[in-house]
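Below, each structure is written out as structure tokens.
The same subunit A turns up in both complexes below, where it pairs with subunit B and then with subunit C.
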Partner chain A sequence: MNAIPRTRFMALGAALAVLLAAGAASAQTVKVAVPTFLTGGGAPTYGTASKNGVELVVRAINEGSLPAPYNSVGLAGRKIDLVVYDESGGGTKQVTELRNKVQKEGVDVVVGYVSSGSCAAIARVVEELRVLTLLTVCGTPRIFEELVKEPKYLFRIINHSTAGNVGAAHYVVKKLRNEAKDGYMGINQNYAWGQDAWRDFNLGVQTLAPELKPANKQQFPKLFSGQYGTEISVLLRAKQKVVHSSFWGGDIEALIAQGKARGLFKRKTFVFTVGEITAHRIGKKFPPGQLARGPYGLYAEGIDTPLNKWFRSEYRKAYKQPPSSPAYHYADGIVAAKYAYDTAMKANGGKFPSTDQVIKALEHATYDILAAKVKMSLGKGHQAVTSDRWGYAEWDDAKGEIVVKDVVEFKAECVNPPEGVNAADWVKGGMKGAKCD
Partner chain B sequence: MDFELLLIILVDGLVYGSYLFMVAVGLTVICGVQKLLNVTHGALYAFGAYLTATLLILYFQVDWPQFGAFAVMLFAALFLGVLFGVIIERGLLRHLYHEDEHIIVLATFAAFLVLEDVLLLIWGTDPYLAPEPLGLLGSTEIAGLPFDNYSLSMVLLSAVVAAVLWYGLNRTQFGKLLLAVIHDRELAQAMGINVNRIFLLTFMLGSFLGALGGAYQAPAISVQPGIGVEVIVLAFAVVVIGGMGSIPGALIGSVIVGVARAFAVHQEPALELFVIYLIMAAVLIVRPQGLFAPAKPRTI
Partner chain C sequence: MTWRQDKTLWGLTIGLAALLLLNFVVPDWFRSILTLSLARGSVALGLLVLWRCGLISFGHALYFGVGAYTVGLMSRYLGITDAFLTIACGVVTAGLLAYGLGFLLRQYRGIFFALLNMAFSMILYGVLAKLEELGSTDGISLETTTYLWYAPLGAENKTALFVFAVILTWGVAVLVHLYLRSTLGNMTTAVRENEIRLGYLGYSGERAVHAKFVVSGLLGGFGGAIAALTIGHVDPDSMVYWPVSGDFVFIAILSGTGNVTAPFIGALIYELIRTYAFDKFPEIWQLIMGGTLLAIIMFLPNGLWSLVDRWRGRKAAVATLRTGKEEA
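Up next is the complex of A and B:
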């Protein structure tokens, strides 16, 4: 047998090494874990839409088909390896799931969480595990005000809940002052979300128009109670016409079904702070009324950015319906990750960035999401602010879907506290520093 | 407090109480006869609600008489009562009657978890909304407030169910056999009563009533995963207040809780969540066996 000449052997070896290295590089991905409700009460309204939104955008990013400025392939050139998992089961389970995803499965980035309970449970663990995490839906202001005051790895890419309720207060004062002349009242679920929502809304109205008075007693029925006959009697009996509600999920649908049967929505003007998702889902069965949501879902209709036009059109093609807010929130989470990785890569001379470089790129950043511009201006550059939109929702026979009319937009600086100010203190203190003009 | 408000509280309380009775009566029937806490009751309620909502959505797409919706509810409850009565009693409980009662409770809890997943397999995570029947009966003005007659009809339905059960237990041959089994199962068996058959029929009846509660509630709620869990907690509370296995106890316990809750919602809403458990705790302290616990026979 003839021996292979030494030089040829070495050249062959070198070529093989280059090929293997190239193969390994092309196979490198960014593993993105996405927790959302795949089972339980949150699945129908939040889970399905958020999963759809994420999958659509990840597919486009991996193909490089997202419109500019995000039209390159992958996150800093590496394709996304997506892992969607269930958020049900409570905070303790979510902490275990997060540890498993990071320590056993090697997840690089986490994008998601619907429930404020989940977010509160994992907030400190994120910092301990040193995993870049972008919160997408949960609203509690406690995340950066109490739980993680010096965040490094944790970000939230939407407004916290105070903005929605302060926006509601502005809307009532601006558009429903006449209806609210006899005062206003609230029906909110009896847990932190509902209690905080009412507090922020009520204090907001009291700051803006102290002559409008709240009813003496507010309704706080049990979460998921599903039976609101007695509460409807109280609402019908009250002289106040404007009703604030942060009901969501099955509770808002039950309230609507039972309220419609008793003519509740003909006598009262409801201000549903998260009703957009339900209006989107139940369509014609939704009573005409006031709805809020930032630049997402129904309120993103007509926003003429290439990213938004692409998302609405592709979402309709893929899922035969327009995208709701959770679809936007989760898709925006992936877009934020794309922005951070690509920006960090540029700053790193075109090389794939470290996690620290990605974090630096996102802190205090201003960037485009699907239908708006986001500023990471609170929580030491880790908490986003966006504008908040309100309008009158009703069924459109011609279009065959719910539409919003008379949309009023409140600037991010109008409905959010300034940096370094606790949201509750800001509202209690008369919303000083708000820039609404 | 004016008379009008008292009347409204009473009506609200009766409506809520009738809801509680409908979700608890099936549990109390099984509890009384078979001496077991049937946790699958919550799943039966959920199946009743899901099947009814699905059938109603289909029903209202065709041009059939609208009042046929009530027949749809009854059919769904009967179908599920027979189906699950046979499956759970024959397939599971019959093999466990000789076991400790804690084992039986755990077995029904396990079956409940399995059935919850079966619900997800069949119906997925999407909620179902079928509110059309709510508007079929119109509304009635009471003390100046409109009440939908559908909700008021639940008070009537509860009264009918309670009356039929009372009559069936106290005035029919089957009821006498049932009472004999309730008092002493072994002696009844020795006297020639087919206890296995009685147990099967009772479980089917209890399952039917659980499913009927869900079926009648379906138009008023958003039918979605987790509704069975909410109901089973309330149903247990009512059974504890009324006395394990007592149908009059379930009825009166439901009304007491319903009216107390309505009073709280109207006058002091912060107590709403607390009131049902306050009553339960008070009953447990004063009369641990429940308000109307059936008398225990002296055995020789």
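Up next is the complex of A and C:
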């Protein structure tokens, strides 16, 4: 009678051993792990697009069909072995999962992360695990200013959120001065992202045009609250015409649906700092307003680099829609890895480079991403700066999609603090050292 | 029953030795999963204590979070990184909070008790997510942990933490076991079975519940503090948000209430299922977790520990057959 359970336990043990042993990486590929939201609220906006973007570029790199200067096969000649995994569940889960990916599955490079919370949680673990990590979205400037002051393995290949909100301030002062003559106000989610966004935007406007006044009280509804009846009433009653909002995900869609029904967007001009992604999703329903964030998504239309033309046409072919900004961010992450590996190989006499050599190639580098040039000039050569583009978004009936008009581009040095200056201190101190002409 | 005859004490001690030996053979990622299992297992142990009184809490992430954030805030504002001191403070803070809230919560039973707990945990979540001083949703990163005068770096630190957590958890589990064996501890079952009769026997049911609640709060704080040190970062979404409380209830259901060892085994199995579900089915891993929970409820309603009981029962039956007489 005892024999049966014993064999069962042995079988279980054997199965466990097989599972534990699985996942040893082959030496002739570069294993790239890509965390993004595959489940939960972030999946429809960020997850799908970023996964599509990454898969498209990885396929092209493995075939060697990406346009110059990235037209060779693989990363430094080795093909990419791609693992896309889920970013949902908070910092604890992400730290555990990163350990699994690196220590269990032998991942060489991590490219990804959408949420600032994930990035803050994994930042120090990346340095401990010594795994090259390129952050693709997460906004918070605290990564290199506070959490990892001496980075080696951690990079971010996109502007931090301060640049986007300072860009918004520049655009308002330059293009919406007349609308903003009665002042401006903000509606932002009550958490780190929303609080930082409003602070940077408000101080930016105050530095550039102190005669434009913010409303006395700003709206900070709870994150993911989904009901904005009271806030919309307050906005409608206020005399200020320009409204800054860093809403995203389900919240921005709820605000648009509820605001539209009450004529909010006819009476106010909204500055949606990350509205681009939503504009993609809801298309015609998007109220004409201002959108943001750098040379990506809608704002990359009409940028004529070979890489960008290739990406837009291939993406449309593969997924039957234009690429949104998360698709760009994640694809740019892979492109950055490609640049770093190939450059390091050249410096290494044509031999496959070590991680240290790859890191050296990327630090302080200037290189092409899909639709722009990136300079790794902040955070001791680990934090990228790019230009920022702003414009007026509108539904185009003839084309059947959203288009952006009246685009203004702000130089990277105009919307980013100089190296060594904390982003919050920089906007508080009147953005000294910004070069805008 | 004397100390020597207590199988659970032996089991726990053998477990302690086994884990300390495992330290030398397991890969790093598995060690971190083991440490996390100890942390979550401790909170589930707290739920077990409550569950024996017939109470379940949907808000134990509150104590977990308070334990974790105490460690995080001490590191951020006071620069204190000593494991002994931070864990002690985390446990005491969570215990004090449980003591205070206990005065209200001990009056409630059933779903009211469960949901009131959840309400309190969501208040803490709201406060943490809104206040920049407390790290908001980005959370707080911890400085490297030290152990009195010993300040190891990198992988050595994780090993030290593992050994530290294993020994402490062993101590905690033994204490809880002894408590449950005591008269006061045995009152748990009495509260569950017939609280009115307990009253007629001269004991206060509410006081008994209050005591259990403080014990479970202390355990929650302990788990949170260990988790914070393991992860090196605290944030409201993975420490205090309501699904975190759900995870603990999941582990408690998975383990069963049979024995103080059960929650730790349950927590480890939970972590392993999640790790592999996450790995192999990145888009539907939640479905697999939910399916597992359903299967446990349907086929093993008393949790994994009921397998051990069943196995013991069978052994006893075989012994009866062989000797031909009943054992008392």
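Keep in mind that, in the parts below, the second predicted complex is superposed on the first by the 410 of 437 C-alpha atoms of A that agree within 3 Å, B and C clash if a C-alpha of one lies under 4 Å from a C-alpha of the other, contacts with A are read in each partner's own complex, and residues count from 1 in each chain.
The working rule: a contact is a pair of C-beta atoms (placed from the backbone, for glycine too) under 8 Å apart; a residue touches a chain by one contact, two chains touch by 3 or more.
What you see is a predicted model; the values in this text were computed from it and never measured.
Undergrad: After lining up the shared chain so the two structures overlap, which partner does A:Glu231 touch, if you call subunit B first and subunit C second: first, second, both or neither?
TA: The answer is first: A:Glu231 touches subunit B but not subunit C.
Undergrad: Once the shared chain is lined up, is A:Gly391 touching subunit B (first), subunit C (second), both, or neither of them?
TA: Neither partner.
Undergrad: Touching A:Lys260, do we find subunit B (first), subunit C (second), both, or neither?
TA: A:Lys260 contacts subunit B only, not subunit C.
Undergrad: Regarding the shared-chain residue A:Asn190, is it in contact with subunit B (first), subunit C (second), both, or neither?
TA: Both subunit B and subunit C are touched by A:Asn190.
Undergrad: Go through the superposed model and pick first if A:Arg142 touches only subunit B, second if only subunit C, both, or neither.
TA: second
Undergrad: Touch test for A:Pro221: subunit B only (first), subunit C only (second), both, or neither?
TA: first
Undergrad: Quick one: is A:Asn100 in contact with subunit B, with subunit C, with both, or with neither? Answer first, second, both or neither.
TA: In the superposition, A:Asn100 contacts subunit C only.
Undergrad: Figure out whether A:Pro323 sits in contact with subunit B (first) or subunit C (second), or with both, or with neither.
TA: A:Pro323 contacts neither subunit B nor subunit C.
Undergrad: Once chain A of both complexes is superposed, is A:Gly91 in touch with subunit B (first), subunit C (second), both, or neither?
TA: After superposing on A, A:Gly91 lies in contact with subunit C but is clear of subunit B.
Undergrad: Kindly list the residues of subunit A that each of subunit B and subunit C touches, one partner per complex.
TA: 38-39, 190, 222
Undergrad: Help me check something: in the complex, which residues belonging to subunit A touch subunit C?
TA: That would be residues 1-2, 5, 19-20, 23, 38-39, 84-86, 89-97, 99-100, 102-105, 116-117, 120-121, 123-125, 128, 140, 142, 147, 190-193, 195, 222-223 of subunit A.
Undergrad: Can you list the residues on subunit B that touch subunit A in the complex?
TA: Where subunit B meets subunit A, its residues are 5, 8, 11-13, 15-16, 19, 120, 125-127, 129, 131, 134-135, 139, 144-148, 150-151, 217, 219-222, 224-227, 230, 261-262, 265-266, 268-270, 272-273.
Undergrad: Quick check: in the complex, which residue numbers of subunit C touch subunit A?
TA: Per the touch definition, subunit C meets subunit A at residues 27-30, 32-33, 36, 126, 129-130, 132, 135-139, 141, 154, 227, 231-235, 237-239, 241, 244, 271, 275-276, 278-279, 282-286, 311, 314, 318.
Undergrad: Quick check: in the complex, which residue numbers of subunit A touch subunit B?
TA: So the residues of subunit A touching subunit B come out as 37-41, 43-45, 47-48, 190, 217-222, 224-227, 229-231, 233-234, 236-237, 249-251, 253-254, 257-258, 260-263, 281-282, 285.
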